[in-house]
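Got some structures for you, see below.
Two complexes come next, and they have one chain in common, subunit A, joined by subunit B in the first and subunit C in the second.
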Partner chain A sequence: MTLADAPLAPPVPPTPAEDGARLGFRLTLPAQVLVLFIAVFPLLMQLYISLTDWSPLAGVAWPRAWEFWNGFANYSDLAQDGRLWAALGRTALVMAVCVPVEFLLGLSLAMLFVDEFPGKRVAYSILIMPMMVVPAVAGYMFFMLFQSGGPVNGLLGTLLGRDIAVAWLSDPTLALVAVMIADIWQWTPLMFLILLAGLVGVPQDQMRAATLLGASAWQRFRTIALPRMKTIMIIALAIRVIENFKIFDTLYIMTGGGPGVATETISVYIYEVTTQDLIWGYVAAIALAILVILSVAAVWAMKRMGRAAA
Partner chain B sequence: MSAIHLEHLAKRFGGFTALKAMDLRIEDGEFMALLGPSGCGKSTTMNMIAGMETPSEGRILFGDRDMAGVPMARRGVGFVFQNYAIFTHMTVRQNLSYGLRMTGRPKSEVERRTLDMAEFLQLTPLLDRRADRLSVNILQRVAIGRSAVMEPAIFLLDEPLSNVDAAFRAVMRTELKQLQRQFRQTMVYVTHDQLEAMTMADRIAVMDHGVLQQVGRPIDVYNDPANTFVAAFIGSPGMNLLRGRPVRTDRGLAVDLGVLGVTPPLAAPQARAAEQARGEVIYGFRPEQTTLAREGIASPVSFVERIGARSIVHLGDGPAVFKAVFENDVPAAVGDVVRVLPHADAVRLFDAQTGKAL
Partner chain C sequence: MTRSPIFETFRYAAILIALAITLVPILWMASMAFKPIPEWQATGQNLTWIPKDPTLDNFRFIFGESSSNLIVALDRTAVQPIVASLLASVLGTLIAMTAGTAAAYGLSRYGSGQNLPLALLQLRLFPPMAVMIPVMIMWAFLGFMDTWWGLALIYGIVTLPFAFWLMKTFFDDMPREIEEAAMVEGCSRWRVFTRITLPMMRAPLASAALFVFILNWSDYLIALLLTTREWVTIPVYMASLSSSMTGQLYGAKAALGLIAAVPPVILGILIQRHLVRGLTFGALKQ
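After this line comes the complex of A and B, so read on.
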């Protein structure tokens, strides 16, 4: 080192901004480690296992799953798995029926509950009760209700004036309908609550002003309430779409995915493959594939809805 | 056709009576101000006229049509809310044209009438601005324009100027008057500000605690208040009200005000009224209708407010306090004893028991 190379000034201390960045990193470190363990690590583990033919019966622990390495074979199997795609389609069908029905019912009820009427508090309590029922219990309830000698047939019989003995849960189509009814019964209250919160937030004086200017109820809803409820509607729909995609507990207790595979949704299918077939490498591949599909769909939907809300 | 007739109109909310049997006739094309302190029932009356509240008793007639059961959307009234209730997610243009669009007027008509109204209220440059980014003064105009563009036969305004600044309030008072002259609506204007009521209204209806106290032209209400409430409420400051007992003096009938001594003799009409009074009376006179004179009521000055054009002198202490207003400055200092002479023809007497004018 020559004299010319020697530092002319003492080293520059870190600027406050750098300092702040470093402090920020240290402060968020615990949270980052947590995220690493709850999100990144399981995901990597899943990816690793999905590339093998490993099963818990293989006799080795999962870190040694590479012994069963089979590359992308699971993923090519998955593309040809008819039962998987049928389950996905069924899940989409349930969603396409349940979510809109829950939304419309919830919205109508919310509109009803914006105004005062006698007995409102009691009606309100009764209305949100289904949401509080443990899904497994709800499943058992509907399982009993839809028995061929059960109350649903009994009620229909009384209404129609003849004996009804519909085998709800053993008919492939009716079983799906029954499952949808149970989901709508249990989750309309959530839609109702969220949408009611949105409706209550609509300024009543603006609604009155619109009335005095001659707007009809529908016009008031469309021009005053709707623009203010857009965001909350998107949130309500997003919550129900995500939840409904994962439909499992109520349904499994009611039908077990049957008859045959008539009510087998994606969650039921994964459960079956996991617990009965025990091919966990393949399960990991399915789960990852669905995660990718859902993420892409979610990003696309968010972008669209963001544009609609703007 | 658009006269408003209130017959024994009453409104109760549970055990609370907001309005007691009110009778009032508002003529077609008249500008009527409902004036009173908060909670006097003026807004309740207005809301019933608009159809937002249902009367507990009585009838509301527009012309000779009973409005019972007619929903607010079909009453054809314009209504300006105290907080304006502007549609904040719309532009000024969309706000102004809202009623016309919702009632399905042809596009060209909507366009023309919206532009005319914007021109009238000087909102043209702001037509495409979003309403949530406008000042209170502008919102106020939009609120008036949004109702006025429908050309309602009856226009109800609920304290429309209470949120805007003083300078703008003066401008709006003139504009509202112009608006009414142009469209000749029947206007009902609710306010607690007597200046607004006095300057704009053809007649004012003074209310207190759900009871209509007095109806009349502003100047008549000011000069001849029906009772002590109206006397004290109208005027700034309100009328001086001093309790006393009619006494005979060698110069005629006067009122013995106790510690303040005996008033100068009453003028003939007041003297006749005092003759009929049993017991105590209230001796009332307007602070601005006084002069300093030797024969006046003697009292020590407790405080002087000098507000430029005039001075308000506070006199007396204890229950016997009153005020006097003088043009220009007065050479009175705190502690001085001055003699204030009410103009004889401006003195009003009230029954001390009922508060009613004698």
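After this line comes the complex of A and C, so read on.
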């Protein structure tokens, strides 16, 4: 039943099937309202504002933003916004480093956890801890660790036998490295958790049979485990790609996007323009452009995955 | 399967290294939380891993007890931010779980709301940053800026996809015979849902609620944009724990960070059986 035909429900006592449909409709109503509330209206508002030069400091409320109408100027400005493209490129770079590293580390760890060993449960519980730490707190932890007098330099100093005072967070390149390390620390456990769940599902008798037939570990993995793990791997990678694209909390607390704009990712850039420059018409245009690009990418990825699964 | 001793040694070595890397950042913060000021910034040879002179001053400080050691006085204690985080996360969880559970049941049993799975998946996909301008305008219009209930409403919406998908997989897994039998006995559909299904699903409901609570408790960005002073949450308040005079208040921040980090870690370990299901939107069950 849709919203449109709800009032047409017959006045006669409903049959059991109709009764069920009506209850189903009522049960899903709150969720539908919340989705409409957060998706449809805000997007229309965003589209409208994006066609203007309106800002919260303009002196008029947003419904009168048409007074600042500038057509598609915001959208054509996007192409020339070097800071935006640099931020997108940086986001892509962080993703290109972090996601594969997290995946490989998580998969290797998961392989060590397939069969039983003493202490497995405790080790498992500890290893999945980082993903439960509040990301902002994790950001602060790594902010402390990477201070020039902090423990990272302390450990390096002990290993190398001399005092190390690298200013991690104020060097453009090292700051980006530090941010990536924090992300890898926090989210490798997620890969580990999901991939281990997949590996455990691989039938052990087949693996044992293959071992008896003389298959090497790599052959067993490639021919028995990998085909069964494909969907799970895609899911794990998709989750991390989606989440990594949004990267903000840890990064913003560690570096604030700096030094300069050296660690400014797309979320940080939008945040800065929203709160510092306050040109909301332009921010709306950026946000909508990103939503459109993400939607296209998501549809494309789902089609690809559908074909891969078939 | 018997393994060679070399493999076993390698396995333990690798796991020990992973455990060390996992624990060092957490333990460093825990240790910092108990360090007195002189040890906060000790560097080089003086770097202390375990506080030489452990103290509870940092905790006393954030809860408003002025300490002679700390030069600055706080204009606000950590009490209200902790309350704000709790209230917003709990009410947000309630909103997400109520709407999500009802919708999941409606779809799972009566096929209503076929659009919801995809719509909610999309809601999950988009960066919150990209819809924050309209949300800020709407929240200002509704008088929700800088309130814990305004924050709770957006938390409820943002985590609705998780509540919905988790509960949907739980309902899909649940056998329908008992419900059908109750209906044959003359129980109405609504009564079946509230009196039979929900009580039977108590454990899954609790796990899903804890999962959603952890997500809400973890937020930083939304609170940063929607709260300014009165109802800032723990992470937002934490960033303000520094002063131009003394710089970063390391120990105080670490103490608060520890308080913020402990609940989700404990809850997460409690529900670890369901973590995979929650994180993969029910695509994978452990």
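Note that the second predicted complex is superposed on the first by the 274 of 310 C-alpha atoms of A that agree within 3 Å, B and C clash if a C-alpha of one lies under 4 Å from a C-alpha of the other, contacts with A are read in each partner's own complex, and residues count from 1 in each chain.
The working rule: contacts are C-beta pairs under 8 Å (C-beta built on N, C-alpha and C of every residue); 3 or more make two chains touch, one makes a residue touch a chain.
In this text the structure is predicted, and so the values were computed from the model without any measurement.
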Do subunit B and subunit C fit side by side on subunit A after the overlay, or clash?
fit
Is subunit A touched at more residues by subunit B or by subunit C?
C
Tell me the contact category for A:Pro203 with respect to subunit B and subunit C: first, second, both or neither.
first
Scan A:Thr211 for contacts with subunit B and subunit C and give back first, second, both or neither.
both
May I ask you to decide whether A:Ala225 touches subunit B, subunit C, both, or neither, giving the answer as first, second, both or neither?
neither
Which of the two partners, first being subunit B and second being subunit C, lies in contact with A:Leu43: first, second, both, or neither?
second
Who does A:Ala175 touch here: subunit B (first), subunit C (second), both, or neither?
neither
To be precise, I mean the smallest distance between any C-alpha of subunit B and any C-alpha of subunit C in the superposed model; what is it in Å?
5
If I apply the document's touch criterion, which positions on subunit A are contacted by subunit B in one structure and by subunit C in the other?
208, 211
Which bits of subunit C are touching subunit A when the two form their complex?
1, 8, 11, 14-15, 18-19, 21-26, 28-29, 32, 41-45, 47, 49, 95, 98-100, 102-103, 105-107, 109-113, 116, 119-120, 122-135, 137-138, 154, 156-157, 160, 164, 189-190, 193, 214, 217-218, 220-221, 224-225, 234-235, 238-239, 250, 253-254, 257, 260-261, 264-265, 267-269, 272, 275-276, 279-280, 283-286
Touching subunit A in the complex: which residues of subunit B?
50, 52, 72-73, 75, 77-79, 81, 83, 85-89, 98-99, 102-103, 146-147, 150
Within their complex, state which residues of subunit A touch subunit C.
1, 19-21, 23-28, 30-32, 34-35, 37-39, 41-43, 45-46, 49, 62, 108-109, 112, 115, 117, 123-138, 140-142, 144-145, 147-151, 154, 157, 163, 165, 185, 189-190, 193-194, 197-198, 200, 204, 208, 211, 231-232, 235-236, 239, 242, 245-246, 248-249, 252-253, 266-267, 270-271, 274-275, 280, 283-284, 287-288, 290-291, 294-295, 298
Residues on subunit A engaged by subunit B in the complex (per definition of touch)
203, 205-206, 208-216, 219, 223-224, 227-228
